[in-house]
Amino acid sequence: MAWRAALRSKAVIPALLSCSSHGRLCASPTFITQRNNSTSPKIKVDYDQTTGVAVMHMQSPPVNSLSLDFLTELCISLEKLEMDKGCRGLIITSNQPKVFSAGLDILEMYGKSPEHCGEFWKVVQEMWLKLYGSNMVTIAAINGSSPAGGCLLSLTCDYRIMADNPLYSIGLNETQLGIVAPFWFKETMVNTVGHRNTEVALQLGLLYKPAEALKIGLVDQLVPEDQVFSVATQTMTKWLTIPEHARQITKSMMRNPTIDKLRTNREADIQNFVSFITKESIQKSLRMYMEMLKQRKA
Amino acid sequence: MAWRAALRSKAVIPALLSCSSHGRLCASPTFITQRNNSTSPKIKVDYDQTTGVAVMHMQSPPVNSLSLDFLTELCISLEKLEMDKGCRGLIITSNQPKVFSAGLDILEMYGKSPEHCGEFWKVVQEMWLKLYGSNMVTIAAINGSSPAGGCLLSLTCDYRIMADNPLYSIGLNETQLGIVAPFWFKETMVNTVGHRNTEVALQLGLLYKPAEALKIGLVDQLVPEDQVFSVATQTMTKWLTIPEHARQITKSMMRNPTIDKLRTNREADIQNFVSFITKESIQKSLRMYMEMLKQRKA
Amino acid sequence: MAWRAALRSKAVIPALLSCSSHGRLCASPTFITQRNNSTSPKIKVDYDQTTGVAVMHMQSPPVNSLSLDFLTELCISLEKLEMDKGCRGLIITSNQPKVFSAGLDILEMYGKSPEHCGEFWKVVQEMWLKLYGSNMVTIAAINGSSPAGGCLLSLTCDYRIMADNPLYSIGLNETQLGIVAPFWFKETMVNTVGHRNTEVALQLGLLYKPAEALKIGLVDQLVPEDQVFSVATQTMTKWLTIPEHARQITKSMMRNPTIDKLRTNREADIQNFVSFITKESIQKSLRMYMEMLKQRKA
């Protein structure tokens, strides 16, 4: 499971507990402070104008949770790069040890107002719309575990290179936490690994070891951990030799039907998400989550 | 072919011939009596309330043909289990030797009135709608050959475990008999093995040996014949650990688009089926069937 | 790349250069004459009434380019065979060395009037509509490279047998030339190799060696070069044992949704193509093409 690796780094638990102000759960103030430190960017963007390739280093301790702040920052960065005609490729990777991204920040949904939850969901949608439909070549350099929203983030890219480390895993494991991946998570998954693999993966909330992920096509390539980034760079060079306009139109043709489904259903999708929350399923999900962590530690 | 195994058990031929009252074919009265013996149930349901798992043992000699009576009984059993909140999983298996199910009972279409054929087709639809959309975890323990409607029955389940016996086979072999699998058979197949595999399988009416079926994803797992049921039980235990509500919604999300297509086209689909019959294709299909059997015996 | 093999045969370059009357490019008059020699048919059709199988030998030197004349001839031949009830199977193969078909004749788009381009595109559509929806069993005996439109031609068939020669390749490599495969090329590809393989293949304009093509399902079978035709004939015999009417309805059921999308969008698709041309992308494409050839020769 994705969390096993994260747990070993002793960093994930405080983050998961940092919702103490809303509930009975015990929290580590140090990490709360760290989380709220919005003066330092959660994403470091290196843009090399000579190659036309930008790199997003996710650096939001401890596990690059996709919080409202994180996603807002990601969307703003994306928009800037997208508008820069010289920027043709984007590599997304993690600066945190052993984790690519742990997925949506459950604290944005726990004990929050429907308005906040709706706001949060809107930016999750925005991230996916921007990335899945990006004109740039996008490559995920997956150098750590990548469950749930972290997996979705990877799936939005054009190509996925993962560290061949059996301690890591990747997958849409929502059902394991008692929650449901929305239709556009599902469709992105179907577009990548097909209907049947998705049906089993989503029903069971499966997290795949790198070798299994490669086998079903959830990632495209496995490389030794220290080569993830260099191989991503080489792969980018190859993709950038393709005539740009033709590649962009081709990409749109493949992805727009899925994108259009969300575009025309954003409000209903937000309502759906918010109503799900008010039904206390998130509270339940958080309890299950803590339960799972306890068992894993034991 | 599926029938090879069945033929060896010497049981299939009388069933196939039991339409003597309608045609020129020679029949075995013993088996006709056996078929009409509706006092003994065609499906034995064992429901263990402690585990929440029900098992349907199909026991309609000789080959668990899906007759009007059989399917009606299956639908009633299903409805009862579905309404019992405690029943969370269903395993479907066969008590007949060497055959899971031989598929739709061709005698329900041979020489029958359009009303009868329509009635029959309606219950075939009903079976599929109930099973493909079931809230329970459904597992097919395929302990014998499973052609045509028997394959469809397997495909409605969430998971398929088949006996690793090269004498058995599985597939939608309708075209081999001169008939056509309707659109929802096709879509269930596409959802399981993809468009291209389905195109070849349905055009050629292919029956797959277990190893080939596993390769294209028509079944999920092969196990030694005497372990089919125990592995199904273990697999069920695993699936039942998944939070129920989240799993059910996820399953609906994957399957409802296909289910809705039939729901909104049931009457046209019945008309289609009935008009096909009146064109004497069933008579032709039965002749081809007998021909095939003769050749197999030789 | 597909052209490597063709280049070795020294035949491809004159064809590519034969647009000299429209541009700055140097041409070989001999080959121009050969191209325009419409008195000899570009496709030799052998129809064996005893077997009910027709064979189309493409024989348009040097590389069976799909020109307006070629495609018109192909459509007329197809129509004749389709109307002959006795003709049940069609094998398509090449009489040119090392090339199955090099795809659409770029000269039909280079420096031509919008009317001509529209006319040309209409017959490309017509070819696909007729072949993808053919009632006959269609088998591609791919005895050479098959890029772009040549790959599309193969994909329209029910089954693809390719020469196991690593010098050959097959794929929809349009983006490599700066052009875009239209939606129905894309859908035919998705129906054959799935969404994800198509996404990568079309974005990168990949040409696959036979072994790779087999792996993703772009072809169904590899055989030694000298057996391509005999295996195609044997395969045809097998397919023709299937009851015809049932097979045809099944094929329609699988392919009509895709066919209907083009049928209801033909005019828009033509406009799309023509407007793309007027944007000088074809000129650019031809320059890139020549560039590619120069590099390959070096």
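Assorted remarks:
Letters are used for the chains, namely A, B and C, taken in the order the chains are written, and counting of residues starts over at 1 for each.
In this text, contacts are C-beta pairs under 8 Å (C-beta built on N, C-alpha and C of every residue); 3 or more make two chains touch, one makes a residue touch a chain.
None of these values were measured; they are calculated from a predicted model.
The touch graph of the protein chains shown is complete. Seen as a C-alpha superposition, subunit A sits on subunit B after a turn of 120°, to the nearest 5.
Of all residue numbers seen at the subunit A-subunit C contact, under half occur in both copies; the interface is built from largely non-matching residues. Centre-to-centre separation between subunit A and subunit C, using Cα means, comes to 41 Å.
Counting partner chains per residue, subunit A shows two or more touched chains at residues 194.
On the side of subunit A, the complex with subunit C involves touching residues 158-159, 190-194, 217, 220, 238-239, 242-243, 245-247, 249-251, 253-255.
Per the touch definition, subunit B reaches subunit C in the complex via residues 174-181, 183, 186, 194-196, 198-200, 202-205, 281, 288.
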